[in-house]
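Structure provided below as structure tokens; questions to follow.
Letters A, B, C and D name the chains as they come in the text, with residue numbers starting at 1 for each one.
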Amino acid sequence: MSNPLRNETLAGMKVLVTVLPKPSVLDPQGAAAAEAIRHHGLEKIGRVRIGKMIEIELPEAADESLLHEIARDLLSNPVIEDYELKVVNA
Amino acid sequence: MDTTFMTPITPEVIAKHGITPDEFTRIREILGREPNFTELGVFSVMWSEHCSYKNSKLELKKFPTTGSRVLVKAGEENAGVIDIGDGWAIAFKMESHNHPSAVEPFQGAATGVGGIIRDIFTMGARPVFSMNSLRFGDIRGDSAEARTNRRLFAGVVEGISHYGNCIGIPTIGGEVYFDESYAGNPLVNVFCLGVLRHDQIARGGAVGIGNPVFYVGAETGRDGLAGAAFASRELTEESKEDRPAVQVGDPFREKLLLEACLELLASGCVAGIQDMGAAGLTCSTCETASRGGTGVEIDLNLVPKRETGMTPYEILLSESQERMLVIVTKGEEEKVRAIFEKWDLPYAEIGVVNDDGMMRVREGDSVAVEIPARKLADDAPLYSREAAPKSRPEALDLSKYPEADCHAALRTLLAHPSIASKQWVWRQYDHMVRLGATVLPGSDAAVFIVREAGKILAASTDCNAIYCRQDPREGARIAVAEAARNIACTGAIPLALTDNLNFGNPHKPENFLQLREAVEGLAEACRAFDTPVTGGNVSLYNESPAGAIDPTPTVGMVGIVEDARHITTQFFKAAGDAILLVGEPGDELGASHYLLAVHGMKAGPPPRLDYDKELAVQGAVRTLIRAGLVKSAHDCAEGGLAVALAESCLSGETKFGAAVQIPGGAKRADVALFNESQSRIVISVDPGKEAEVLTLLAREGVPAQKIGTVTAGPDLEIQASGRALRWPLAELHESWSGTIPTLMGA
Amino acid sequence: MKFAVLRFPGSNCDQDCVYALNAIAGASADYVWHKDTSLAGFDVVVIPGGFSYGDYLRCGAIARFSPVMQSVREFAASGGPVIGICNGFQILCESGLLPGALVRNRGLHFLCQHVRLRVESNASRFTNAAVPGQTLNIPIAHGEGCYFADEETLRSLQANGQVLLRYCDAQGRPTEAANPNGSRDNIAGIRNEAGNVFGLMPHPERACDPLLGSTDGLAIFHSLMKGWTQPS
Amino acid sequence: MSNPLRNETLAGMKVLVTVLPKPSVLDPQGAAAAEAIRHHGLEKIGRVRIGKMIEIELPEAADESLLHEIARDLLSNPVIEDYELKVVNA
């Protein structure tokens, strides 16, 4: 915690948005990662999916519904992706 | 508060900055006092090899840099400028990003592209195309090393693709070689060319006392701290510790910066402009002051920053990407602000030009650095390192290398990753944006239509490092000759070239000898081909724990095609066309890819280059092309005539066969097929024009003969030294085009 | 007939589109800056390729919210023709002006190459200068050009004749091998239901000058210049 | 939970690996997202960082140290990124 930038916002919160491709959407990146992981010695794995993790620092509380709107309309594309949103204390 | 101010300057601190005791004495003399810690850092980056060329400058002076078309000479500004007629000019240059790419291939290569593009638009030129010259260790097999090499190769190509594609500058050509000498120390040399009107040439001098100094572009962060110093050291296990030196590029920002700077330069408000490349703010302030014969004073408190708590040392030495320093004509500040705002770029007025010749850096009221700018920028110590005594490569004893199965050997050569098709690479690059690529990658040289200027340019990068390893002088001469030959094959006339000198640690006499020999070879060949050097880059310390790389003086040459009807490609066009060999059949197998790929050896002297012969062959082929007599032209390079023929059969959209008889008295078929003698070009011509062409060549005194006929397929047939060989095209195609995708998992 | 070529920060085929339209196709085209909000005086909107806003987050995700896109929405709603090329197609999908989405190429690599396209229908103002079943040779250059839509959307695209271009082989067959990026049903270009918004991944502006190997892209620009009348 | 693919591995576990750019490393994507989020009406935000989320289905227990090796060497790039690894029951 010696990073001054982090200290600035210690008081606030963080929004964590994870965005993953819908199961029906081709995820070639996930498939390639699965291949590479098997090659690395971990043979017994099921499906691998690769998505995005977006971390937003929030110095003060924000309206949850606005956050959801942002996650749905901007940070993800509902045609191909699902998102999950979590607000945590930083 | 700046604690670094108080850091005592001990001999250890000095040594850690790569400064010798003699250099430190010189620094004290220049300052007339002890440097503080920040000043020591400033000297250390400015006097690193990367910025000062202290170990190579005396050699670089040997290059020819003048000529009737040279508008700005190499070394005067960020890149040389060459006249292409009708008031138009080009600026081009090549630059290495070897060490960053070894540590982080994607970002290392991407920021290399970003850096060279900035060099070009700093000159006032709009960048119109790029090329790249790459070297990696062997990518075949399942060893940990091969896997690492594949990871580096994939990452570098992806990084170049990411940056170049996003910014919208087509990557239209280049080369890739794979050799064990580059394991752990890949070479990533990137080339960029821009066009401008003669009256648009921008200068990098801080002129006009009282003119404000603007900073524009990305905010400064701690990334890339002291990268120039990093590039001037050998890569060791500890290089991993240098990881903070890795910079992340933002091609989107650079695109905005490019457009904004070109708009700004067109507005007439700019007195001087300089990109922040290696050594960032330090280098740009002292170099602009030195060039302008002025002083520059800046205040670090005003510099846009990405992080808090940065010390002057960190701000000055940061190599954050996508930044420029602009000296604005006093009174025009508002116009400048409006342009930066239009393009949504961070900017700040951070200082002023003055007349005291000092680079003065303040942090509010306190002075952090005060150094005579010219002494810092231009008076770095110059060294002539000790060179090992010259030795000639041993003659090749062919009896040690029995004739291999030639049928298998051609497939082995075509499947050698250095010779195999590089389509896997270039199709990841957007080579078509800007509507210029009329000859796509995959032919000898790229040919590009510069729409704004109505000119057609040809460009090629070349260097056969096996030749250079065996004989750096001859290898360097051949690099220039080959580039010119590739350009001639497209119908173009060579104009000028840029070079990138990649060598090992210059403190080792054998490496310094290679550097000197190569420079002298390049210089001599540049004179012979009348292609002045417009600038370039030196990358030393290319060593891994296993030793130095093979010497690799890469050249990037540019030529001009005078009429679109002259544009010629390397692949056969129609069954029935006559295949002619311009030049002699040849017999030199030394340093060949045949010996490497089939016998596993780098042995013997490289082929000899005879300038007169070479110039005659190139000139004759160009004359024939301009007379509309040539349907395809391809030079013989790695793998000799057999590989050249196979490539002419395979590299077009329609595949053709050929029936060929190799003339000459070579006793061994492998010599006839795979020798790499210079000054040879395979052309195909309409059967009805064959006699005319041969007559013309005879009149020019150029040896030439018909060697065969293009067929509709399905085989390539070659008779050589009494042997009749036949390869199904499909098999050759699989070897040549399947190798890299298969190795790279498609 | 006046073409508006939009310029977002990061657009990089804007100049190519203007050049191809003005210097080769014989049209009249001009730039419209992303901060502008008026499309008055323009008859066709072209959203060119490139990396608008760096294509950060997702291709086209941020461009969708730029000021000019509000005007494009209104322009399209009033029946004005809009063509999105490559990044422009991505922006149109992100904006909901076209159904579906463009995701990472199946092979994960950026691909720059010539492809063959079969004209599925010429009953549109974007393809009326072509013949149905005709194949066009036009290059692609993208990393995220794999067209995705759910089954229902695909069915209705098909049923309404909204698929205008499919990747095909030299014989005009839409085979797997001819599909460069894994697009559903080999889709390379679609129009909206109303027929006035068209998105395609290939770059017609790169196939106008014979010196670049093909002039098949002109079929699309000439269609637009010809205008379109409802077939009777 | 109607997805048959998920049922197969319900018995098993999942590894979630999040990869974020190191604090000192430039994150142009995050910066662009921050801009867009502000435009979207959420003005008061601190830094935004964008990284990857990798979800690996594990039908049976795996060696943690191997998982960490995979996360560090394969899924992230330690030069510019930090990773976090969590094993959860699916």
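Of note:
The rule we apply is simple: a contact is a pair of C-beta atoms (placed from the backbone, for glycine too) under 8 Å apart; a residue touches a chain by one contact, two chains touch by 3 or more.
Because the structure is a prediction, the values reported are computed rather than measured.
Counted as hops between touching chains, the shortest connection from subunit B to subunit D is 1. More contacting C-beta pairs link the chains of A-C than the other of the two pairs C-D and A-C. Taking each chain's centre as the mean of its C-alpha atoms, subunit A lies 31 Å from subunit C.
Here the CA centre of subunit A is 40 Å from the CA centre of subunit B. Per-chain Cα centroids separate subunit A from subunit D by 6 Å. For subunit D, the set of residues touching two or more other chains reads 28, 32-33, 36, 40, 50.
Multi-chain contact residues of subunit C (touching two or more other chains): 53-54, 56-57, 61-62, 65, 107.
Across the assembly, subunit B contributes residues 250, 252-253, 307 that each touch 2 or more other chains.
Across the complex, subunit C meets subunit D through its residues 53-54, 56-57, 61-62, 65. Interface residues of subunit B, counted against subunit D in their complex, comprise 103-104, 107, 218, 221-223, 243-244, 246-248, 250, 252-253, 306-307, 320-321.
Within the complex formed with subunit C, the residues of subunit B that make contact are 158, 161, 165-168, 250-253, 255-256, 343-344, 426-435, 437-438, 440, 449, 451, 564, 567, 746.
Those residues of subunit D whose C-beta lies close enough to touch subunit B in the complex are 21, 24-28, 32, 77-80.
For subunit A in complex with subunit D, the residues that touch the partner chain are 3, 5-6, 8-9, 12, 18-20, 23, 30, 33-34, 36-37, 40-42, 44-60, 62, 66-67, 69-70, 73-75.
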